[in-house]
Structures are given as structure tokens and as C-alpha cells.
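To keep things simple, chains are lettered A, B, C and D as they appear, and every chain counts its residues starting from 1.
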Amino acid sequence: MNDEPTLGDATAWWSTGVTRIEPGLIELRGFPIQDLIGRAGFISTVWLMVRGELPSEREAALLEATMIASVDHGPQAPSIASARMAITCGVGINSAMANGVNTLGDVHGGAGQQCVQLLRDAQGLRDESGLDADAAARRVVDEHRASRRHVPGFGHRFHPVDPRRDALLDLVSAAVADGVLEGRFLELGLALERQVEAALGRPLPINIDGISAIVYAELGFDPELARGLFVLARSVGILAHAWEERETGRRIKGPLPPPLLADYIGPMTRPVPGEVPSRPRP
Amino acid sequence: MNDEPTLGDATAWWSTGVTRIEPGLIELRGFPIQDLIGRAGFISTVWLMVRGELPSEREAALLEATMIASVDHGPQAPSIASARMAITCGVGINSAMANGVNTLGDVHGGAGQQCVQLLRDAQGLRDESGLDADAAARRVVDEHRASRRHVPGFGHRFHPVDPRRDALLDLVSAAVADGVLEGRFLELGLALERQVEAALGRPLPINIDGISAIVYAELGFDPELARGLFVLARSVGILAHAWEERETGRRIKGPLPPPLLADYIGPMTRPVPGEVPSRPRP
Amino acid sequence: MNDEPTLGDATAWWSTGVTRIEPGLIELRGFPIQDLIGRAGFISTVWLMVRGELPSEREAALLEATMIASVDHGPQAPSIASARMAITCGVGINSAMANGVNTLGDVHGGAGQQCVQLLRDAQGLRDESGLDADAAARRVVDEHRASRRHVPGFGHRFHPVDPRRDALLDLVSAAVADGVLEGRFLELGLALERQVEAALGRPLPINIDGISAIVYAELGFDPELARGLFVLARSVGILAHAWEERETGRRIKGPLPPPLLADYIGPMTRPVPGEVPSRPRP
Amino acid sequence: MNDEPTLGDATAWWSTGVTRIEPGLIELRGFPIQDLIGRAGFISTVWLMVRGELPSEREAALLEATMIASVDHGPQAPSIASARMAITCGVGINSAMANGVNTLGDVHGGAGQQCVQLLRDAQGLRDESGLDADAAARRVVDEHRASRRHVPGFGHRFHPVDPRRDALLDLVSAAVADGVLEGRFLELGLALERQVEAALGRPLPINIDGISAIVYAELGFDPELARGLFVLARSVGILAHAWEERETGRRIKGPLPPPLLADYIGPMTRPVPGEVPSRPRP
């Protein structure tokens, strides 16, 4: 940016390679919108928008299955509860959905992203060291235990075995068998599952974040996009729950049903000292 | 809610008919998640989640086409620009997406919802009065002009004719011809387009909000769900743009490229009066 | 905006009269920031920023008292609960606060704004019709009851009498007695309280939204700014609660303590039909 | 949490020490709200809410000055621009403010927090090693340069010298001279400023984040609360700008004035391949 900016600097500041807009023209990554409407699938369009090219049939099917697996896990999740509470407060459904999406942070929505990163790092370790999958997985597990971090993508506080694990595992395994996917990250994910169990002395199966991460890593998605795709998928559940709450007609829904009040654990009644700081002068 | 609440009141307060969760079990509207993974389409799952039942093949195809048509319209849109700016500020991609979604309010994201409502009201008028489509449409247009409101769903500031209009119109017309849809709202939408042109003396074609509204109304979606589905669709563009911006590595992206500054139009330098209210005492 | 935009159009598009920024210079409404620091009060600065001029000492004191009255009402409020849940999900404290602020919509945060509008409308009615305060208030109450709308600013689901009512009423009454405020809106507010009680046959005292609205109306704030000032005030409680939750170290806090699950009220297990729409082709 | 939860688990899940609510009673940290209204200052109430006790007069004055210094830096900031765009999209002023607040992430709003942490770490280094302030500061600067990280709290892209630096520096220096503050973090901050200049060979003065961090560290605020207090302060500017934009009456304000369009840098028009994945079957 030079010291004498031009009008072109302003339009260049907002330049994009995603969508081209001109009067009467709308193109997504170079494809005229009217040629995609009725011919492309929604998931293929998602892939096109974030990757720049259309996926193959099998790639689209794997992404579609993974996103379906992530649409909802009920109102116990803060993302869903936030959206349900927000829509009772007199905001549009977009703002209720925004609150739900906003809570999908590093802890609530980030395990998939972290697990894709983990799989990539473990693969990098294999590439450098020539270790086999289980040896690389063991080292990763040991490092996490040494630094007291849990390995993202394994175990679930509700489900002994997450029903989404086997369903997606079958699809990704078939895609590997058919040569659609290389299978390096599937191999690593299963090795990690074995090594986590070996380290703990009890099974801690791959969860939805872990199995999604295997698919996303196999499909070549950046770790942060794994979070983005999870947000898209969970937005479906957020919408469905916000809408269900709207239909109840409730107003100002808090976490506890009235007349329940939160327990108070602070100091009891006390007088305000005579000299209160910054008190407005009379 | 009685005066002596029970533990059941707390779980009932959060009751839902969308998703059932038990250890080892996840069901969407009664369908086991593992039976949907790999068999259902994402758009059919969206329909299932917000409507409670799976759609027919043709219904799913119409919803899919309509949502694809809405995924993006470039960074000139505040929703997209907000997400692009937010992700340069050190928040997760979920928070950047939340900011984009949050801006899809009554004015930016609500025209489709308003147009579905308009179509329903106009149909109600026909049911009561027996007016034909054009007569009902004329009355609606006259009422809007009398109260100086624009008719939602018509005209676009960039596009003389929106390329998404014809593409979706062909699909919905074919569905009506095949008896998949009743066609009452398509008929009304086209009548409104004629009456708007007649009233203005120039064409103001159906835009993406209007054609989407026709499809959503024909498919039986509540007006507010039309907004919700638009939010889901536009979230794809929001993600793609947020990700493109992330890859630029920019930090704290404002609307103007540095060193450009906003024009200042307020009072020039002036002294603070000797007696400033509420000034903390020394 | 002409058809050949200039660079000036871009900087004018973002023009502001609030703050002037130049290298080495920051002025708020024309006052150099270094002259305000240490001399102006925070509340006076709030007033300056939204109104354009500094308030008098008494005006600042009234705004300060009203904003203090609004800082918090506990975690039963969705705004507070949303922020507490969000911060356990791995987002920054800014994003947790954003979720809390976002829920302060028309229903949860808008009653004060609506009550300022009501007071202005009632005053307009008096100016036109010459009605006295009680007659104008009676008409307003009758209109609300006729259209089955509750009168904003009266009654509270927890408090028979809101302790904030009397405390603020004393301050605003004293300001009227001293000629600092005209008192028209105080007179109307008390008349509305009488007429609401007369209509219901039981007292429904002015609540925090109503008493705040009286102060904001007397101080000349636009109704929408009443909402904005409430958001600023409640942001203090949102911050305090988000921080308290952060210190608990909880992760992914939902509305119910584990292992509690929401009641499920939807369809029970059912098979997915053989023909599922939009199923990805193998 | 045992396996048989009780109703008390639900109210305990939401327990708080901030605010006590009972019918007819509202207490902040044990102080009846009616005793604070009209006697406490807003900034003292902020302190009370996040710290649990009232501040001294001087402490309140320092916090007040620091928060005033942070209220706004104009619409070039993404936080302000986001709020201005959002309010033109048909959302409430609360949602416009939420979007502004949400952008105050690690990069846009986090430098103060990071600088408080830096000052604490440097002090910990002194406590362990007995190094003097400049020696400790030199080590911190060297470590940052070695890992190619910039030192948070120094330098500004607009201001050669930030006018807020000297104004706040005078106040904090006076408080140290009067024995109100210990001055350890002031000493370290000035040492860091010297060492940054020495390392770069040119001055990179303490900026608003750095001087705020010195005050917050001296006042004993947790680093994350420094971010929270900055969010509260900047919310004032966010409100003022959102309101100014509302008064313009603009609808759907994007970053560029129409008819300006973002530059397009992606692929040009291309045909959709005959076989599009996941295309809904006819």
C-alpha cells in the first residue's frame, strides 16, 4: 500500500476469488449460478465454495455423511441452549442462530479441528521418522499424557460407544478399500484409538470429533475448515431447536424453570461504607 | 409450573421433540443417526430437522436448488464483510461466522421471510374474497404504495434481472406442471411481478428473495423458517469468505485500506470546560 | 453517489462526527482525549459520545444512578446465562459478552425502550388533546388492554415491589423539585402506574424498565438509546458473571447439570424409508 | 455430582456469588441495590462486580481514566465498522453492539490482556532472579525477538506517540508517588519501552494497550479482566457509532459505497461438468 492511495486500493482491499458479481451475473468460483441451480448438490456447492473446485461423487458423499452426523446432539449442548434462550428474548432467528454458532469455540466446537491437526502432525512424524502408525500414535499419546492434555477426538461423556463412529468408519473404510482415499489418516486414527486404550487400560473409542477429523483429513481439509464445516452442520440443529422454542411462545427463557433461582454463595447483606468512591456530587 | 418445583420441572423445561439422546443412542426425529448417515441427503436432513418428516425427492430437490441459489453474493454484503473483518481480529472461525449470521436481520436477511408472509396474506385474501391472482396482487401492491412500503421480493440494486430468478422459476414451474406443487403461490408471485410493473410503469423483476419465497411458500415453510433456511445457505458463503480472508493473514482488517481514514464531520478541537461533571475527586 | 466514484466517496462512506483521528491526535466530539482523561467521568463520557455534548452534574448523576440500577439481575436472566455458558466453550471473554449482549432483544432488553416511546406518545397525546396526565394515561392503558398488549415498564415476575423503583424515583423527584428536570414524564409514569392498578384492580408497580424509561425520557434520550444504555449497564453484570464462570474452570456448561438430560417428547425409534431423498449415489 | 441428581443440583449448577435475588431484594456482592443507587459511582460498581469489593477513591479514579481512554478510536476499527454495518441490516442496537464486541478478539482487543500477562511474567522473573527492571525487560524483549513475536503494548500504526500514553502515565506516576500503587509494573513498563527502543534502534512508545496494562496490573486485575474492561469501555464507542449510523437511515451498509464492487481475482466463467456430484435425481 503506497502513501497515496487510489480508488483501486479500496476495491482491491475487498478483493475475492470466491464469487464474481456484475450486473446480471453471479458466478461461484467461475461457475454461473444458474448452471449450478438444479444440477449441483448443496454439499458439492459447500465444497466448491471452500475448496475452489467441485468434488468427486464419492468425496461429496463422504462430506455429506460426515456433516449429517454432526447436525445435533440435543439441548444439553450450550450452543443449542443458547439459541433456544436467545429466540425467546425478542431477536430474529438469525441472531438466535448467531449465539449458538458463537459458542462453538475451541472447547465446544474445536475438537475436530484439533484432531485434524493431531493427525497431520502424527503423519508428519511418520514421514520424518519412518515410524509405523502405532509407534507414531504411541508417541503422540505419551506426549499428551506427559503434558496432561487429553487426546482430542476420543471418548464421550454420554456415549460408551458413539453410534456415529461405526457408521462413518464403514464409509471411510469402504472409500479407502476402493482407492478413493489414501487411508493414511484412517490408519493413524485407529492406531491412536488402540494406543489411547493401551495407555488408559480401558477403551476410549473414537468419538464424532475424531471420526469427522479422519474424514476431513483424508479429504484434504485444513484443520480450521473442519471447525467451519462442523459449524455449518450444527447450524441445522441450532435452527431446528430455535424454531421449536419459538413455537412454544416462551418469553425470556432462562436456564431454570421459574420460580427456581440460582443458589447464592456470596456475602450476605452489608452496609455501603459512608465514603463511596466516585459518588456523583449533589 | 406449581410453587414446589421438582427435578422433573428442570428436565421438562428443556424438553424437545427434535433429537433423542441416551447413552449409545442418537435419534433425529425418531430416526437412528446411523441409519441416516450414508443414506439421507444433507438437505433432506435439514428438512427433517425443521419439519419433523423426510421430504419427497422432488421437495428435497427444490429446497436444495433454492439454498444453493442463496449461498453468496460477494463481500459487498455486510454479512460477508463482517465475517471477513472479524476473522482478522483473533477470533475463531465460529465467531467470525456468528457475526456474519447475526447481520442477516429484517433488512438484510428478512425479505424472503416477509415475502412468504406477503404471499400467505395475499392467498388468504383470495380465499376470503374470491379475487383472482392479479386482482389480489393489485390490492397488495396498492396497499404497499399507499403506506409507502416497498413490496418485498422484487427488484435488485445490482441486477436488472437476477440470474437466479429464471433458474429457480423453471424448477418451480416444472414442479407445478408435474403436480408436485399446487402452484397457488407461484401464480401469485408472477401476478405480483406484473402488478408491481404496472404500478411503477417499469419492470421490477422477482429477485432472489421473491423467488425463494415462492418456493418456500409452495413447500409449506413458515415465513420465519424461510429466514432460517436463508441463514443456513448464506452461512456457506460466510464460511468461504472468512476462510479466504484468514488465508490472507491480515490482522485487524477495517473497511478502508490503511492509511485511509474516515472523513470527520463533527466539531473541531475545543477545550474541556473547567467544571467537568462526575470528575473523580483527587 | 454519482456513477464515477472517487476515493473521497470511500472515506465519506465512513464519515463520522463522533471521533476525530489523526496521527498523534484523538478527539471525542472535539475534546482532546488527553483533556478528558482524569477530568471527565465515565458516565459523562458516555453521555458525550451518544449526545454530542457533556451533561450537567445533575444530569450525569441521574444517568449514573440509572445505569447502576441496571447492571445485573442474576443468572436466571438468559443474557447472563448465555455469557456464562459461552465462556466455558473456549471463546474469549469478548465473545461470551457478545452472546449476552445479543440476547437483550425486544423482549429481554427492549421494555425500557418501549416505555420511553410510550411516554413520548402519551405526552404527544397530551400536547394535542390537552388531556391531564391521568386521562392520557387511562387512554393509553385502555388501548393496550383493547389490543391485549401489556403496558411496558410495569410489574415484575419476581418482585412485588422492585427495590430499584423507590431509589430512582426519589432521585428523579428531587431533580424535578429542583427544576433540573421538567417532570412531565415523571408525572405521566406515576399516572400510568395509577391507571394500570385501576384497570387491573391490583397494584402493578413501575419496574426497573419503567423507572429507567422515566429518567431517560426526562433526560431527552431517544427510545432506542434507552436500550443502548441498558446494554452498556447490563454488560457489567455480563462481564462479572462470565468471569465468575471462567474461574470455576467448567468446560461446555449446558443448562442442566450432568447427567441430567432434557425430556424427549418426539417420535420414538422408526426405520428410515427404503427410498431416502437426495441420497448420494454410490 | 452423584448419579441421582436432586433439584438442588440444578440450582447449585447456576450458583453465583455476584448478585443475590429474592422477591423484593436485589444485592450486588452483598450491598442492597437501593443503597448503591445515588451513592456509588458507575466505575466503582464495575470494580465491585468483578472484584467483589468497592475500590478506594484513587483506585476508582485510575480505572475511570483508563476506561475513558479506551472508549473509541474511530470507524477504521473493525469493531466499530461491524456495529455500524449491522445496525443498517435490521437488527436491534443490542445485536449491532454484540457484533462490535465479538470482534474484540485476541488480535483486536487482546493486546492489553497480553501485556498484563507479560508484565506479570516479567515481575515473576524479577522475583525469582533478582534482576533489575531493565535486565528483566531486556530478557523479555530478546525472547520475543528470538521467537519473532512483537512485544504487546508498544507502537501504533497511526500515532507516532499516542496522546493517551502521557495522560495516563501522569496519573499512574502520581499514584505511585503518593503510595497508592506499588509501581513495580510501571517501572517494568517503562523499562520495556527503553529496551524495545534499544533493540529496534528507534522509539516504539507505550501504546494505549500498554499503558492500560500497566494500570490494570498495578490495580491487581487478572489479565483476562483487562480484556473484559476494555470491552466495556469500547462498548461506549460501539454504541455511539451504531447510533450515529442508525440516524443516517442507511440500509444494508457494506464496506464500499455503491456502486463500488470488490475486485474479483478468481477463475473466470467456466462450464459446469456434465456429471455434477450429488445432483438431486429428477
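Throughout what follows, contacts are C-beta pairs under 8 Å (C-beta built on N, C-alpha and C of every residue); 3 or more make two chains touch, one makes a residue touch a chain.
In this text, all values refer to a predicted model and were calculated from it rather than measured experimentally.
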Requested in this report: Since chain A and chain B are copies that touch, just let me know if over half of their interface numbering is common to both, same, or not, different.
Outcome: same
Report task. Write down the chain pair in B-D, A-D or A-B that repeats the interface of C-D; the criterion is over half of the contact pairs matching by residue number. Result -> A-B
Query - chain A and chain C: spacing of chain centres that average the CA atoms, whole Å - result: 32
Query raised in the report: Distance from the CA centroid of chain A to that of chain B, rounded to the nearest Å?
Result: 22
Query raised in the report: How many angstrom between the C-alpha centroids of chain C and chain B?
Result: 26
Query raised in the report: At which residue positions does chain D touch at least two other chains?
Result: 5, 7, 9-10, 12, 14, 16-22, 32, 36, 38, 40-43, 57, 60-61, 64-65, 74-76, 81, 90-92, 94-95, 98-99, 102-106, 109-110, 158, 255-256, 258-262, 277-278, 280-281
Query raised in the report: Which part of chain B faces chain C closely enough to touch in the complex?
Result: 7-8, 10-12, 14-22, 27, 29-32, 35-36, 38-44, 52, 54-57, 59-61, 64, 90-92, 94-95, 98, 102, 255-256, 260-273, 275-280
Query raised in the report: Can you list the chain A residues touching chain C in their complex?
Result: 5-7, 9-10, 41, 43, 57, 60-61, 64-65, 74-79, 81-82, 85-86, 88-91, 95, 98-99, 102-110, 157, 251-256, 258, 260-262, 278, 280-282
Query raised in the report: For chain A, which residues are in contact with chain B within the complex?
Result: 1, 3, 5, 9-10, 12-14, 16-26, 28, 32-34, 36-38, 40-43, 45-46, 49-50, 61, 64-65, 67-69, 71-76, 81, 84, 92-95, 97-99, 101-106, 109-110, 158-164, 166-168, 170-171, 222, 224-225, 227-229, 231-232, 235-237, 239-244, 246, 256-260, 277-278, 280-281
